[in-house]
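Labels run A, B, C and D following the written order; every chain starts at residue 1.
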Amino acid sequence: MKLGFVGLGKMGENMVENILAHRHEVVVYDLSEEAVEKLAGKGASPAESLEKMVAQLAVPRVCWLMVPSGEPVDRTLDSLLPLLEDGDVVIDGGNSSYHDTVRRSKTLAERGISFMDVGTSGGLEGARNGACMMVGGDREVFLSLVPLFRDMCVSGGYGYMGESGAGHFAKMVHNGIEYGMMQAIGEGFDVLQNSGFVFDHQEVARVWANGSVIRGWLMDLVARAFEKDGELGYLSGEIADSGEGKWMVETALEKGVAIPVIADALFRRYRSRSKDNFSDKVVAALRHEFGGHGFTPKEK
Amino acid sequence: MKLGFVGLGKMGENMVENILAHRHEVVVYDLSEEAVEKLAGKGASPAESLEKMVAQLAVPRVCWLMVPSGEPVDRTLDSLLPLLEDGDVVIDGGNSSYHDTVRRSKTLAERGISFMDVGTSGGLEGARNGACMMVGGDREVFLSLVPLFRDMCVSGGYGYMGESGAGHFAKMVHNGIEYGMMQAIGEGFDVLQNSGFVFDHQEVARVWANGSVIRGWLMDLVARAFEKDGELGYLSGEIADSGEGKWMVETALEKGVAIPVIADALFRRYRSRSKDNFSDKVVAALRHEFGGHGFTPKEK
Amino acid sequence: MKLGFVGLGKMGENMVENILAHRHEVVVYDLSEEAVEKLAGKGASPAESLEKMVAQLAVPRVCWLMVPSGEPVDRTLDSLLPLLEDGDVVIDGGNSSYHDTVRRSKTLAERGISFMDVGTSGGLEGARNGACMMVGGDREVFLSLVPLFRDMCVSGGYGYMGESGAGHFAKMVHNGIEYGMMQAIGEGFDVLQNSGFVFDHQEVARVWANGSVIRGWLMDLVARAFEKDGELGYLSGEIADSGEGKWMVETALEKGVAIPVIADALFRRYRSRSKDNFSDKVVAALRHEFGGHGFTPKEK
Amino acid sequence: MKLGFVGLGKMGENMVENILAHRHEVVVYDLSEEAVEKLAGKGASPAESLEKMVAQLAVPRVCWLMVPSGEPVDRTLDSLLPLLEDGDVVIDGGNSSYHDTVRRSKTLAERGISFMDVGTSGGLEGARNGACMMVGGDREVFLSLVPLFRDMCVSGGYGYMGESGAGHFAKMVHNGIEYGMMQAIGEGFDVLQNSGFVFDHQEVARVWANGSVIRGWLMDLVARAFEKDGELGYLSGEIADSGEGKWMVETALEKGVAIPVIADALFRRYRSRSKDNFSDKVVAALRHEFGGHGFTPKEK
């Protein structure tokens, strides 16, 4: 296949290399000329603008977007749409909100353009060597793109999730599960760390990664992290979040589904970034008021 | 009534003053001579030893223990028991584990001594001016002690909970509920603090303390705490716990009862005291491994 | 004062009776003629339409809305606004989302009309005999309405929370705390119920309601509920929710504040209404797959 | 190697077959003669009693116990110990509490017998074809047993965890993590089920099992479960638990470590088995009391 690819960040770059390795043709565009040139050096056709990218594609055109979710996607679509025509396909491979996807697919459909949402998992390594893709949108278009998905993904690692939005919805749920799993793993090692035994975290993770019920890629990665430093002394405990966990909890509220574990995992991330947490201060103050219990004075 | 009172810490001192104010006679003993003398100056009969305390009481004797839970209770009982005789009553007004209480009541019963467990709530102010008491043990003995409970408690604030251990069990559950309520209040003010509005916490607490669904003593105390400092700038967010919340969760595990909110409230206390939390570090490290996400380096 | 009052449901009816009892004049309107007549019989001036209600008020007019949140508020405002003029005041005493309130206040401000948001707490009894009110909007208007708030609320039970939306925001947080407190209480009685002791729930609640740390209106109500039936045999465990708890969690997500206890309380409500819960089925199926563990077959 | 094997339940049977397949000699004993005969038919040496089993082993003897945790382990040890001598090795491959293990290892050490704790993971398939083993006890003894572990486990799937108890401790933590992971997965599919989209759960699980961040054995098993029935219509949502999750939470309480997600996962299991949940009834009753909110009457 031949396709246009917009957005050459960490994920995008790895995906383009992956596609090229499978002998597809890719016309690449990014706001960063450097990023474009870098991939040109690896076999991609560089484009200086969206116009020039589109001009190199034969109809029906396939354009893959790999840009940050939210406004950047809308902005890219605004520029791209006037250049496309009936029958073309736009793929959003990023972490977009499924609400946005449903909205965008309607707008594009009005112009005869198919909008496919592809939730992509597997990290940078997956992007380069074999990812997992959850695809939403028109089923016929999905089928026409299977040769691409088959090459970009590990065996069995792609599938049709349903109508427009279902791909990003599945990715959001995937990330929610991921939050819960990671928190459970974190809690486990915290108990080991405070056990009174002298555990070698790297050794524990390595053993668990092989043959246990909880084996899987996350455990492989824990083992790898502890290989670098068994006490993780190089980083602080502040955990960032990129928003998909938040969408997951919002969606559960919207649908009335109880997800205590995934929500708690998200809240622990918020808590990890909260210095001098006000909730905790209120509780400490309350204890002092009713019981005359002492408190830890604020550090100067 | 006339009774012996062992243990003149913050709670014990206030309770003795309360009892004296209701014209009962109290013979007081404590390891601290100073504490004994202080209450002697307020009308209590001082005793230099448990022997001398017991010697001043008429049979059937009533001895109230208000000593720290665990080993100190057993130690006091070991010293006290040889001095008592069939028909005497020992009251444990402290925060003992109900398991300990059941065990102790059996030991004392073998010697004909009634062991009554009195879970006491209401903080220092309640101890002095009218407490809440949950009483376990023999019902007849409870009835014989009602004149004392009636005077020490606010109207309606005492009751027979059931056989030995039921009083301390009810107190443990009370404290579990207290943990959950306090955490809910803390979370609420944390949301106010981060709302984007400029709330006057003291004003909010004062309004909520009057006429709202969530009014109650805890809200009165929140209002009082914010009166001192609307930002609680004088204390850190480290929350201690005295063990009853832990017993509550252990008991729920023992009985197979789901108490997610009370357990979470306890865990937030643990978390509040955990510097450079290992669980959080593991999650942060994992994010870095699979997504190449950045992390916050550990502060030097 | 003289004011118009729109919305005579359970809360509205009680509030109008409260206002009348304090010798204010109230012109009442509701879609239900019956509701209007009922209050006319108690001293209110009935109005057959919003037009007729407004016509009976002197400028600057004060109109209190007590209609269901969401669309009904907007619909009422749409009808009411053309009838009002610069300097009039509209009060929303219902459980509106603070986002809606901020939006509406801007619309009304463009026409010179003050929109005040009054979060009202205290249940039906409070509405009738003395409520708690959290007021947002213009401070000068608040001050002009103090004579009304003072009469409708218990002493100390009203206050200015801040600019438009702050009143409803404070009410939303209040309800979030309420969710957490109620769940903590529920969990406590669940542990008592499964304790092995034979607790008299009514007696426990009565004692806790008097002098304990967890005393307050909720505990009074628990005591009242158990007075009717100590086992609550007349109801099922399905817990409804009216949406404020959901907004609270959404807001915490929006602001990045960790509220594990309040969120868990909400999720328990969702769970209570979920028959044949799919999450639980997935876990049960997983146990069966890896360990050959048995499972409970679905009831026919 | 040649070893004795006591306990031929589901796990034990599979493990013996695994050991035999690697050309070790196994003398098997079980209370069930049938279980012994079955394995005799597959190459094991049957023993009619512990005495006869021990008699077939050369010193230093190695005896592997695979009996239910708790009392059965103590009972087996009571019978076995008089038959062993200084230098022999007893392995507990079951899910024993690490507290029990520490206690037992001391008792056996007094008689010169090494007690090794081997936490075993991987389900029935792992037991048969390659498990994961976390080993605690004397390091020298561990090294002497490596030829056995290497054959019974997948490559990399065994390791020395530390002194006596560390193996069972690591297994307990492993199971805690497993609880959290399973609950996260359950919640995810619950959201998919209520999403409004029409997801094919089997397809989603299959895709996630290949290349995603959350891929792993649990996801393979989910895919397998959905392959049988995409709605899991054959089972109810009652989730049993075998006690290791409970120990995990107890241990976290003991060590003061916050594990909200793992505890919530356990509590959801309790909740799943609670009909007409009392906590929920209390909350529903409370709503009714303060707000006059309706409730769902109990079904007859």
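The rule we apply is simple: contacts are C-beta pairs under 8 Å (C-beta built on N, C-alpha and C of every residue); 3 or more make two chains touch, one makes a residue touch a chain.
Bear in mind the structure is a predicted one, so any value in this text is a computation, not a measurement.
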*Measuring between mean CA coordinates, which chain is farthest from chain D?*
C
_Between the pairs B-D and C-D, the one where more C-beta pairs touch_ = C-D
_How many angstrom lie between the centres of chain C and chain D, each centre taken as the mean Cα position?_
48
*Per the centroid of Cα atoms for each chain, what is the distance between chain B and chain C, given in Å?*
33
*Provide the C-alpha centroid distance between chain B and chain D, rounded to the nearest whole angstrom.*
39
*Residues within chain B bordering two or more other chains*: 123, 183, 185, 187, 190, 194, 213, 217-218, 256-260, 264, 268, 271, 277, 279, 290
*If each chain is a dot and touching chains are joined, what shape do you get: line, ring, star, complete or other?*
complete
*chain D - residues contacting chain A, complex*: 121-123, 126, 130-134, 153-163, 165-166, 169-170, 173-174, 176-181, 183-185, 187-188, 190-192, 194-199, 203-204, 206-219, 248, 251-252, 255-262, 264-265, 268
*If you look only at chain B, which of its residues touch chain A in the complex?*
10, 123-125, 182-183, 185-187, 189-190, 193-194, 217-218, 221-222, 224-225, 232-240, 242, 260, 264, 268-269, 271-272, 276-299
*In the complex, go through chain B and note every residue touching chain D.*
213, 246, 249-250, 253, 256-260, 263-264, 266-268, 270-271, 273-274, 277, 279, 290
